[in-house]
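The following pair of complexes shares a single chain, subunit A, combined with subunit B in the former and subunit C in the latter.
Moving on to the complex of A and B:
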């Protein structure tokens, strides 16, 4: 009983649950009852999860909140579509799929590198707004570059889609991304990212090349989102400026990461998955209200759950302290009365502290 | 030549509209440090109220703007007390996201009540043109907005520099702790500022309702323009807001006039946001200097 909620037990439970989910997802397409539309929904979910993970690399680890992350998705999608579609009058050749996606992602990374060099010097809300501005800027640029992008009409790609294959590809890529961001936390580079978030000037004085570090992670996150953009364009078989550069993708990535836990490895995955299914349920049950409910949810998450779902299970969370506090008291049962008194006092202190931190969370 | 003059007139007219629209956003950011992501939604609410008053009781937006100001003043006061007060001292991301959730709720609630159809107000005062000669026409609807904008500008500047409450607001913007030490009731100042700005923003929406199409999701582009202008002009600067709004209005109008191929308005957006990024990177404190001395490159 005593060890019910220790860190290692919690980690073990999380690991086993994760493994079961992964195995289930791998087996799912083999089942007869699984339809292609279910697989497509799941593929879209994996795309959202990937975007959350990528957003979290800059937004969570480095602390640079990108309000235009969907721009990398759009660039990846559009470059892939331009290369693969015959409707682009400047580039009517139809390229094969894999090089198109890779070039699309590389273009996204290159643009991110150039833009990041300028905008990553800005701090706080200024960076967010500059990136939001860049997002709107790119959408209009794509809309007016008619010879290349076919303007607002959009581009069509010939559909030859194997849904189970794409589901597996994206599933593996998402798992690789999770492993990557987990590994990143243990490297020196990952530590520099956190250092920049906590104290940028201090990090710089300790010899971290902050600009290069920020630009590198920013470009990587753009590359990875660009890959998913390209894959989405191919599976959707159609892009136009408004659906390729869709601001909801940024909002989802931020909301999912906030819900799961900003700056944690598993937070974006957990949060985005919960958000995705929550929205499906809302969509089915309250069609008219579902966006209103979502708006209230976002506000509630930000105000009352600032560390996300993962934060609930952290050692210093009020919830965990309360549970462990009562456990400790039961472990000391039968000791001398002096110890009991001390215990009662510390329990009182604990509950006061817990209450206080509770208030901190709500206000 | 007359094309150029016409573009100039249109630019000034748009600039007047933008001035009225941006003031509330700029002052809230400058005084409270809160980026009002729901700014465009308050413009939308003002426009819908004016449209409803016009449709049901045949009231001119110029008249209904006055009750709309007071209604939205109260709404803003309550919203500040209930919600915004909780996020003032939190990181920027928190206030941004909370205001963003407010914008989602407002826009979708309005959509639920009034549908997503486009509306436009038929105003008798704000209709038609004055011929100036040389083929240049001055639109009446824009001129009315410009005149109101100038009146509001002068009144606001006088209020902020001369009255006791206005001075308290500026003090709170410059140094919160020091303002509290000298006995300024910071909570009241914040609540009043927010209420005033929401009221002004709704008035901007009401007066521009004969000019711009009204629909539940019209807000976002106006919030973004408010960002651009505030970044250009400096946080909470009343004169700067005028300068920035005029600059953006003229740029959008000139670019739209001289871009061939029917993509003028898209080019206007491109130039506006290109300008935003360039200004933020090269001169983050804004072109005019605002209420709050902020260096965007430092936290």
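Moving on to the complex of A and C:
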């Protein structure tokens, strides 16, 4: 048993599993039995996964827990819709799709840059609440800006959607995002994010321009989420303030990341995928109670799995040590689920991640 | 010779409380200066002001000929000032070597090299410092698994990664066992003598200050009480009164 689960074996298993999943996803649209609605569901899942990855860049790597992340999705979606729809009376001419999405994402990044300069000075819960406030603020701004946004009625985009194509686009973008986040983690910029999370004053004192670093990653995260917002608006063919600025997207991103492993590269991907299918299964089987069951399970996960699924397979996890039957010296023996443990997401896990293929995406 | 670090008329208020009251302090190149005083006398606050972690209400700070009064801490670090903290600030989940690599000369980070990995030279430098600070065999241990004293050494190593011209040490010896204290002391002396690194240190261990420092500044209630050679300071009646209490026994422990 001891030698069965070495690090390299685990990495290999994860890599092979990931590769199989990716190949399966690429082949899926080619099968005749795959319907457009299945593809759209999968596209939504990929969107959720992308949001988790983006949220993790600020929430996991940098330690700034953003309760309003969905605002960047909403801005991306709305700018795209305004540019593409005939119903916006200020901008009646229709723009092509790709420029609209890019402009939407750039607007999200620009707003994030300005808002971040103010809110990223706050720490801990103050930042979280400020971002939640900004999210609600933006939703209402969109609702009352009738000439531009058509108010609460919403905007319709002419549907000319090719589901398999968009599924592929999003799949490739998510893979790129995973590779990016894995690569980022190994650079000095990535290291400075971790340094800020662990100890911001110390990071500043060691010469890191913490304000610039935080604003940069925050803006990038907003840009990337804005892209997915724009793509969603186009595929959904309709936006209104409540579905474009939907708080569940933020909650999902946080829950998915926590479930998978906060501050790890693969955690958000794994966690969000599990969460997405968990909800589908619960919804099918316990329609009336599915949110209760889901909430209960997530509570249990945070209590008993503070380092997420990825943390289970770290070298210093109690599970791995029990399976291997060897006791390594570790401060994590009898790991307690204190707040500290939750906060200080395991760097050990990250270094393990860095060694893994960036393709071990989904199960 | 112009001082490496010179602060004049530093005032830091917290509401009605004046934590640092019109303090002048300077450190000459290659000098080791001790900063002592009872608990609450403003030593750490002064450190925070000097390293720009805290804003000052009045006064001016010059580092290596540059006015850093309005600089951000990272700019101060780029100009050659490094510090350690009273409360340990090492990255617990990273290994010793990773902690060191993280602390490399951020001043050199430009947009061009920002997205590169730590290079070979960084790792070699980190390894040399780790060996110098007797942490060689703990290289790949998580910093969280280190003892308090070893973490102090690691923090010192992290401060040294940026090739500072002056290091501010905030109670580098608290919680360190006596045999390790001697080791740390000798390392600091080597750094000072052979590499010309200046030190400003806050310390409760008077013998430590006496052995290392050529000059001592005493703070009490946020103001400078005395300044001079360690031997003279130890005989100063006002200092003995403030620091040791009237009966001459040490009245406070950090």
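Definition applied: the second predicted complex is superposed on the first by the 323 of 363 C-alpha atoms of A that agree within 3 Å, B and C clash if a C-alpha of one lies under 4 Å from a C-alpha of the other, contacts with A are read in each partner's own complex, and residues count from 1 in each chain.
To be clear about the criterion, contacts are C-beta pairs under 8 Å (C-beta built on N, C-alpha and C of every residue); 3 or more make two chains touch, one makes a residue touch a chain.
Since we're looking at a predicted model, the values are computed, not measured.
Chemist: Figure out whether A:195 sits in contact with subunit B (first) or subunit C (second), or with both, or with neither.
Modeler: Once the two structures are laid over each other on A, A:195 reaches subunit C alone.
Chemist: With both complexes overlaid on chain A, does A:302 touch subunit B (first), subunit C (second), both or neither?
Modeler: The answer is first: A:302 touches subunit B but not subunit C.
Chemist: Thinking of the overlay built on chain A, is A:118 touched by subunit B (first), by subunit C (second), by both, or by neither?
Modeler: In the superposition, A:118 touches subunit B alone.
Chemist: For the three-chain arrangement built by superposition, which of subunit B and subunit C touches the greater number of subunit A residues?
Modeler: The partner with more contacted residues on subunit A is B.
Chemist: Under the stated touch criterion, which partner chain does A:128 make contact with: subunit B (first), subunit C (second), both, or neither?
Modeler: In the superposed model, A:128 contacts subunit B only, not subunit C.
Chemist: Return first, second, both or neither, reflecting whether A:291 touches subunit B, subunit C, both chains, or no partner chain.
Modeler: So A:291 only meets subunit B here.
Chemist: Please work out whether A:136 is in contact with subunit B alone, subunit C alone, both, or neither, and reply first, second, both or neither.
Modeler: In the superposition, A:136 touches subunit B alone.
Chemist: On the A-aligned overlay, A:245 touches which partner chain: subunit B = first, subunit C = second, or both, or neither?
Modeler: Neither partner.
Chemist: How about subunit A: which of its residues touch subunit C in the complex?
Modeler: On the subunit A side, the touching residues are 184, 186-189, 191-192, 194-195, 198-199, 201-202, 204-211, 329-331, 344-348, 351.
Chemist: Where on subunit B does subunit A make contact in their complex?
Modeler: 35, 83, 86-87, 91-94, 96-98, 100-105, 108-109, 112, 220, 224, 227-228, 231, 263, 266-267, 269-270, 273-274, 276-277, 280-281, 284, 296-299
Chemist: For subunit C, which residues are in contact with subunit A within the complex?
Modeler: Residues in contact with subunit A: 51, 53, 72-74, 76-78, 82-83, 85, 89, 91-94, 98, 101-103, 105-107, 109, 113-118, 142, 144-145, 158, 162.
Chemist: Which of the residues in subunit A end up touching subunit B in this complex?
Modeler: Residues of subunit A touching subunit B: 65, 67, 115, 118-119, 121-126, 128-130, 132-134, 136-137, 140-141, 143-144, 200, 247, 251, 254, 258, 288-289, 291-292, 294-299, 302-303, 306, 363.
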